[in-house]
Amino acid sequence: MLLRLNALPGVRLSQARDFQVHVGGAEANVAAGLAALGHRVEHVTVLPASALGDLCLADLRRSGIGVTHVLRTEGRLGSYFIEHGSGPRPAAIVYDRAGSAFAEHADRIAWTGLAGAARWFHLSGINLPLSSQTSASALRAVEAMSSAGIPISFDVNHRPSLWGDRVAEAARLERQMMDAAEVLFASAGDLSRALGRCVDQQNAAELAFASFPKLRYLISTRRAHRGDYDQSLSMQVHTSDGAYETEATPVGLVVDRIGSGDALAAAALDGIMRGASLQQIAEAGLAAGILKIGIAGDRWVGTRDELADFHSGIGGDVKR
Amino acid sequence: MLLRLNALPGVRLSQARDFQVHVGGAEANVAAGLAALGHRVEHVTVLPASALGDLCLADLRRSGIGVTHVLRTEGRLGSYFIEHGSGPRPAAIVYDRAGSAFAEHADRIAWTGLAGAARWFHLSGINLPLSSQTSASALRAVEAMSSAGIPISFDVNHRPSLWGDRVAEAARLERQMMDAAEVLFASAGDLSRALGRCVDQQNAAELAFASFPKLRYLISTRRAHRGDYDQSLSMQVHTSDGAYETEATPVGLVVDRIGSGDALAAAALDGIMRGASLQQIAEAGLAAGILKIGIAGDRWVGTRDELADFHSGIGGDVKR
Amino acid sequence: MLLRLNALPGVRLSQARDFQVHVGGAEANVAAGLAALGHRVEHVTVLPASALGDLCLADLRRSGIGVTHVLRTEGRLGSYFIEHGSGPRPAAIVYDRAGSAFAEHADRIAWTGLAGAARWFHLSGINLPLSSQTSASALRAVEAMSSAGIPISFDVNHRPSLWGDRVAEAARLERQMMDAAEVLFASAGDLSRALGRCVDQQNAAELAFASFPKLRYLISTRRAHRGDYDQSLSMQVHTSDGAYETEATPVGLVVDRIGSGDALAAAALDGIMRGASLQQIAEAGLAAGILKIGIAGDRWVGTRDELADFHSGIGGDVKR
Amino acid sequence: MLLRLNALPGVRLSQARDFQVHVGGAEANVAAGLAALGHRVEHVTVLPASALGDLCLADLRRSGIGVTHVLRTEGRLGSYFIEHGSGPRPAAIVYDRAGSAFAEHADRIAWTGLAGAARWFHLSGINLPLSSQTSASALRAVEAMSSAGIPISFDVNHRPSLWGDRVAEAARLERQMMDAAEVLFASAGDLSRALGRCVDQQNAAELAFASFPKLRYLISTRRAHRGDYDQSLSMQVHTSDGAYETEATPVGLVVDRIGSGDALAAAALDGIMRGASLQQIAEAGLAAGILKIGIAGDRWVGTRDELADFHSGIGGDVKR
Amino acid sequence: MLLRLNALPGVRLSQARDFQVHVGGAEANVAAGLAALGHRVEHVTVLPASALGDLCLADLRRSGIGVTHVLRTEGRLGSYFIEHGSGPRPAAIVYDRAGSAFAEHADRIAWTGLAGAARWFHLSGINLPLSSQTSASALRAVEAMSSAGIPISFDVNHRPSLWGDRVAEAARLERQMMDAAEVLFASAGDLSRALGRCVDQQNAAELAFASFPKLRYLISTRRAHRGDYDQSLSMQVHTSDGAYETEATPVGLVVDRIGSGDALAAAALDGIMRGASLQQIAEAGLAAGILKIGIAGDRWVGTRDELADFHSGIGGDVKR
Amino acid sequence: MLLRLNALPGVRLSQARDFQVHVGGAEANVAAGLAALGHRVEHVTVLPASALGDLCLADLRRSGIGVTHVLRTEGRLGSYFIEHGSGPRPAAIVYDRAGSAFAEHADRIAWTGLAGAARWFHLSGINLPLSSQTSASALRAVEAMSSAGIPISFDVNHRPSLWGDRVAEAARLERQMMDAAEVLFASAGDLSRALGRCVDQQNAAELAFASFPKLRYLISTRRAHRGDYDQSLSMQVHTSDGAYETEATPVGLVVDRIGSGDALAAAALDGIMRGASLQQIAEAGLAAGILKIGIAGDRWVGTRDELADFHSGIGGDVKR
C-alpha cells in the first residue's frame, strides 16, 4: 500500500501546488478489480498506525476489500508522486517507499494462519526488491499457500529501478515465485532473467510450461506505438495446450496510466476462476486494462457488463 | 428544466466527491442558442418554488432567456447525473426526473394566453413521455400555437429509456406533433415509428413531406465512427424541393457531449427564421453542434461569427 | 441513505456552481460513529441499483459499516441540498427524498431473519414520516428485534416539515417506538407529543420512566445561544435512579452542523454498551457532538482518545 | 461595472494562483438587491464589446437586472483585485479601473431618452472621480431625471484614494448630487466636505435638511469595533421630522466585506419605495448589510423573509 | 510582464467563474527557459509597486530569473485573458495591456549601465508597438548593447492586432532591430515587411544574410494542419553557409498553446551559446516548443535531458 | 526543508482527497520572513536531486531566498502532513522526515567555506534530533561561524516527539548551541533542560545571561487560552539590562498555525539587526507571529508597514 500523490494534468511535479490523493499498490489494485467483479477479497499487508494508515484502510474498504488481516505498526507510509504525461512527454514517477511500515515489518505477517481460509492467493513481484523483510514475507506466503494447496498467481512486475544492480537476486527470487504459480503474468524478458537463458516471444510459452510444472496460465501483454504519441495494447493468454491473442487495440486518451496492468490481471483472474475460455479471459483482461486508463486513480472501477460491451463501439456516445 | 450534476472528467459517478452544477433541458438549450444569436426568447416551464428553482431561473436569465412565463409551484426539481466518457467508455447518465414540479404541474400552463405574443414555438419530444401532465401540456401548446398561426418546430428527441414499453403511445403522440410542425428534427427511425411503416434514409424526406402537409424543413443528423473512439457528425436539411447535406466532420476532443443536438437545432432555426439557404442552415447547424461539444455544460456559447469561421481551419491556433 | 449535496461555504444554494458530495442518513451516521469506536455494525437499508446507489455503498464501506444486508432495488436515491450558514444566517436544507428506493421498498426488508445475528438495534424517527412503507418497516423491525430480545435505541429526530399536519400519526408511531426502546433520545417536546400531555424538562425523565417500562436511558440535549451568533450544547443522561448533565459548552466555529446529534448518539450508545458511568456517557456524547461540528460531512471521524481529550483545552494548538 | 478578482481566503494577493471571478460595481449591487426584492431594474452603463463585457452582461442578467440600456464600446473593462482579510489583517484592494470603456465613453449615454420610462434613479458617487466623462455623465443623468421628476437617491461612497488631491472638486460635485437627491446616503464627514463646514453626527441631519430642500431621507451607518477583530454595524435613518437608529449589531464572521453598503442601500430604498416606517427601513437595511457579509461576492442574495427573520436569533441553526 | 488569467479548459471567457493565474511576457518566458537550462539570466523590466507587481516578481524568482534590475513604479499591471481552444475552436485572447507601468515608464530603464555585466541580450518585438516609451526603450537597449559588443537576439513576434494601421512604423522599427541582431527569429512575412519587398521561404535566408551583415542565425518555424484539428511544427535554422530543417512533428494534445515560441527560442539560444550544430539547435528548439504545449502556463519547465529524449518515442509511457 | 501537505479545512487527514502543497522548514521560514523585510538571505541545506527537490528550490527562490549553497544529493525529501484544527480540535501533524536527503547528508555541507560571506547565522533546534549527521552539521556550523565572529541566533524549537527518550542528549546539544548564541529563542522549560536545574519565568532571564556570556537577547513567547477555543500570544524580549513584554494579544481566527514562531523570529531578528528598541523588537515580532496565523502556508508574507499597522485596529476593515 502506498499513498499516491499526483499533480494535476499539465502541471509538472516541480510546479505542483496541489496533489490529488489516491491509494496505490499492485495487489490492492488487483483486489479492487476482483471485488468490483463480485469476489470476496482480503488484502494482507502492513500499514502504519497513523492517520495516513487510516486513510489507506478506509480506501481499501471503500473498494470493497476486506481489511481484517491488515497489521498496524509504527513507521511511515510509503508514497509515490506522479506527474501525468502529455503528448511526447511521458508520465513520471518519484518513488518514496524506503523504510515504510510494510518494508520494515512485512515479516511479522503470520501467513500460515491465513492459508486456511483462502481460496486463491495473488502476489506481485514488487514485494521482492523492497526489503529483506518483504521478500522473506513473500517467500513464506507462497510456502504457506502452497502447503495448503491454495492456487497462486504471480505478476512479476519487474521494476529495474527498484532492483538496481541486484539482478541476480531478482532472477533467483522471481524464479522461486514462478515455480509456485499456477497463473503467471510475465514477459519474455522476465522469463529470460528467471531461466537464465534467452527467451523470445516465440518460445516463451513453451519454455515456461516446460520449466514450471505447476503453471497453468501464462499471460503477457504487448504495448506498441500507434500514431504520434498514442499506444495500443494487446494481451496473450497461453496454456500448455492452446493460446489466444487479442488484437492490438488503441488505448485512447490517457487519463491515468497507472494500474492498467493490475486491472488486466484482476479481470483475467476472474475469468480463470470462473472457468472462462482463453478468448474470454484475454478479451476481458484487455478491456479492463484499457478502460482503467480512462479512469483517474490506480483502480479500475466498473462492471462485468462494461467489460463485455468493450468492443461494441460505443466510445464517444452517451449511455442514457 | 433539470439540474444537471456531473462528475469531474475521469471520475466515475460511483466515485464522485464533487459535482459541477449546470442547468439542462432541451428547450432551454435551444433557447440559449437562439438568445446567443440575438433572438428574443421566452422559456415557458414550471419550476419548484425552492432555492433550486431559483438557481434554474438565474441560469436561464444568465443565458439571456426570458422567464416571465415560468410558473413556480411546490414540488421537486428533476435532475440528472452525468459521468463523462473517455476513450472506449461512453458517457453515462442517471436520470432522476420523476415527480418533478414540471411533471406534476405542466398542465397548469395557460398556453392560450401565450400564443398572442409568440412568433415561433419550439418543442422537444422529451415532454411527451414524462407524465400525462406534460404530454397534455404539449398537446395544448401545439393546439394553441397552431390556432394562432405560430410556426412550430419539433425535435423528436426520442429516448427509449423514458418510454419503456409505451411505444404505441410514443408513435401516436410524436405523430401529432409532427402533424403540426413546420420544422421537424427527426431521423428515419422516428419517422418509421410515427408513420407505422419502414422508412429509410433514402425515402425519409419524400415520405415526410407527403405525410405532413405543414412541413417545410426536415432536419436530421448522422453520427459515424471515425478512427478509434472518435466520431464524426453530418447534418441534412430537406425541403420539399431540395436538400443539402454537409460533409461528415470530425467532432474533435469531447469536452461535453450533452446539448450538441440542441445547439444544432438553435442554429438551424436561426437560419430558417432569417431565410438562409439550405447550405447555410446546414453548415451553421453543424458548426454549432460540433462547437458545443468543446464547451462544458449543456449550452452552446458563442457568436454568429464563430459559426461562420468554423471551416476556416483555425482549430489549434490562438486568436489574438 | 441520502445523497447530500452542499454548496461551498459563503455560497447560497441559488448561486451554486459546485456541490460537494457526502452521503447522509441518521442511522448511517450513528453506524459510522460506532464503527469509528470499534464496533462491528451493519446498516440495513434499501439503495437503488444505480451508480448513485454504488456511491452510497462505497461510502458506507469506507466508514467501516457492513453492507451485507443492503437491498438494491429500482428507483431513485433520496437527496438533500445544504447551504451552510454564516453569522446570523442559518444553514438551509432543501429536501428531495420523496419516492426514493427506500421510501418505496423499505417494506421488502426481511427484519425477522436479521434479528438472530444482532446485538443491538438503533432506529431514527426519520423513518416514520417518509412513507407508509418505511413506517411499516420500522414497526416490523422493532417487533422483530423485541421478540428476539435485542436492545433497541430510538432517536426521535422529529422533523415537523416531514410530518406536515400528520401530528396525530407522529404521536402514535413515535410512542410505539418509545415503548420498545431501552435507550431513548427525546426532548420534553417529543415526550409531550407522544404522551399527549404537557411534559417539561423538570418532569420529563420521571414521566418517561413511568410511561415506558423498558426504558433504561433517556438522553436529551439543550442548545443555547452564546454571544452573537454562536451556540452552546449540553447533554443530559437520565436513568430511573440518577442523572448527569454536562455543562453548556460552546460549539465553536461551525464547519458543518449536520450529523452532530448522530455523533452524540453514537458515542452515548458506545458508553452504554460498555457500561460506562452516566458522566462518561454524557461527556463522551457531548464531545462527539461538538467535535462533529468541526468536520465537513455528516459523520464524526475520530478516535476514543479524542473524545477523552475534549476538555483538555488544546483547541487552537498543534498536536505534533 | 468592474471585473472583481479575489484571491482565496488566507492567500495574499502576491501569492495568488487562482482568482475567483465576480462582477462588481456599486449601482449594479444595489440593482441586484432591488431585483432580489422584486423590483424591475435596469442598469445603465458602458461595457466593452469583448468576452469580458459579455461576462458582465451575463452576470447582470443572472441577478435579474435589465441590460437593455447597456452601451457596448471598444476599450477595456475596469477591474479590481481583492485579498480577504483575517483577524487583525484588513482586506486589501488593488484597483485597476483607469481607462475603462465606462471611464472613456460614459458621456455617450443618452440619459434624456431614459428618463421617460424611469420611476426611480440611483447613483453612486464612485462615478464622480473616475474620469471627466463619468462625472459629466452623472451630472447629465441627474439633470435629466430631475427634469422628468424622477426621484433620485445618491450614495456618496467617497473614496479618498480615487480623488487624490482633488478634494475641492469632490466637494463641488458631491454637493451637486446632494442638491438633487431625495434619498441621501452620507456620513457627517461627507456633509462636512460638501457644505464646507464642520458637521458632526449631532447636527448632521438638521444641517442636511436645511441645506437640501429636496431631501426626504438621510441615511448613514456606523461601524464600531467589537471584541478583538470583529465589528458591529448600526444604521440611522433621518427625515425632517423624525429619526430611527438601530442597535449596534455584530456583523459576525466576515466572508466577504464588499457590497455591504450597497445591500443596505437596496433594502432601504425598497422600504422607502414601499412606504415603510423608519424603523422598518433601518432594520431591513441593517439586515441586508450584515447578511451580505456572510455571502461571497459583491451582492446580497436573499429574500424579503430573510430580512424580516434577521433578529430571530436563528444564526447557527439549521433551517430544514 | 503581464498577468495572465485563463479560464478553465472547456469554459469560455464569458462564462468564467475562476481564473488560473500565470505570469507571462515573451522575454520572461525565454528567460525562464534559459534559467531551466542552467543559464544565469536577469529580466530587465518595469513592474508596478503593488501586490500584483510583487506577484510577478515572486514568479520570476521562482523560475530562477534574476530581478535585480526590475524597476518598480506606480501604475497598473498589463494583463491578458485566455480561453483555451478545443477541437475546431481556437484559443482566444483578450489583451488588456494599455497604460501598464511598463508601457508608461519603460523609458526610465538605464540600459547603458546594464550593458557592462551582460553577455547576451534578447528582445521581443512585442516591445515595439506597446507605447512610445517601450519602443524608445527598446531602441536604447539595442544601442547600448551594440556599443558594448553584446550579442543581440531578436524575436519579431509581430502581432497585427497590436500594430493596427501602423504598419510602416512596424517595418521601420523591426528593421532597426534586425539590423542589430546576430540571431533573428523571423518569418518570410516579417522579412518582407522589414525589407519592403516580397520575400518567400525560398529566398528568405539569402536576402536576410545579404541585408543584415551582423546576422549569424536566422530561425523560423512552420505550423501545418495535421489531421482534423491538430497541428505539426517544424523549425528551420539558417546560417550564411548552411541550414537545417526538422521534420514536421505533431504537437500532440494541446494543454496550453501560449509560450511555445518562447520555449523554442530559449532552447535555440542555449544551443547557439554552447556552439551546438545546426541540427542540435533545431532539434532542441523544436522539442522545447512542442513540450511546452503540454504544460500549463506560459513557460517551459524541464531539463536538457528531456529535450534530448524528445524523439525517443516514450510519449504515453510511464517513466518510473 | 520539508514538503508540507495539508488537508483542506474541516477535513481530517484520514479522509483527505486533496493535499495543498507548501514547503516548510523552520530556517526557511525565518529566511523568508527576513527576505520579505528586505534582507539578503541564503538557505544552506541539502535537497534531493528529484522533481520534489526542484519544487523546494523553486519555492525558496519565490520567497526571495538565495539557493546558491543548497546541496543536491540522492535520497528522499522529508515531509509532513497537516490537518487543520477546528474549535476544540487541535491541528494535527504526521511527520515523515526520517531518512531524508538532509538527514542523511547534512554532514557534507562545507560550513567553513560559508562563514566568510555571512553576516548573521540562524539555526533551529530541529536540526539536533533528526540524525547524527544533522546534529554534527549543526555543531560544525556553529563552530565555523563562531570562529569567524559571525553572530548566531538559535531557536530551540524543542519537539519532544522528535527526541523521544534522548532527553539527556537534547540537553547537552541544545546547551552547546545556547553557549554560542547571541540571540536565543527559548522558554523557561528549554533553559531548565539545558541548565539541568529548575528555571521559571521569573528567573529565566537572569539565569540565562549568567550562564551564557555571549547572550545578548533572550526571547520567549507565552500562549494563553482566551475565551472558548481561542488563544492569545505575548512576547518577551530580555537583555542583560532591560526587558519588554507585550500585552497578551488575541491571535484571531486561525487559518494556519504553522510557522508563527518562525515569523516572530524573523521580525525580531530584523529589529535586532537594525538596532531597534526592545519594544519595537517585541511588537514587530508579535505582529508577525500573529499575522502569520491568518495566512495559509508556513510563511509570513507581508511588509514592514503591516507590522507597524498591526495595533491600529483595522482588522475587519477594507484597505482600498
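Things to note:
Letters A, B, C, D, E and F mark the chains as written, and numbering starts fresh at 1 in each.
One rule holds for everything that comes next: a contact is a pair of C-beta atoms (placed from the backbone, for glycine too) under 8 Å apart; a residue touches a chain by one contact, two chains touch by 3 or more.
If you're wondering where the values come from, they're calculated on a predicted model, not measured in any experiment.
Steps from chain C to chain E, minimised over paths through touching chains, total 2.
A rotation of 120 degrees, rounded to a multiple of 5, brings the CA atoms of chain B into register with those of chain E. Using CA-based centroids throughout, the chain positioned farthest away from chain A is D.
Centroid to centroid, with C-alpha atoms defining each point, chain D and chain E lie 44 Å apart.
Counting only residues that touch two or more partner chains, chain F has 12, 14-15, 17, 58, 92, 251, 253.
Across the assembly, chains come into contact as A-B, A-C, A-E, A-F, B-C, B-D, B-E, C-D, C-F, D-E, D-F, E-F.
Of all the residues in chain D, the ones that touch chain C in their complex are 250-253, 255-256, 287, 290-291, 293-297, 301-302, 306, 310, 313-320. Residues 58-59, 61-64 of chain E are the ones that touch chain F when the two sit in their complex.
Residues of chain D touching chain E in their complex: 5, 12-21, 50-52, 54-55, 58, 76-77, 79, 81, 83, 92, 94, 96, 98-99. Residues 8-12, 14-15, 85-93, 95, 159, 161, 225, 228-231, 251, 253-254, 257-258 of chain E are the ones that touch chain B when the two sit in their complex.
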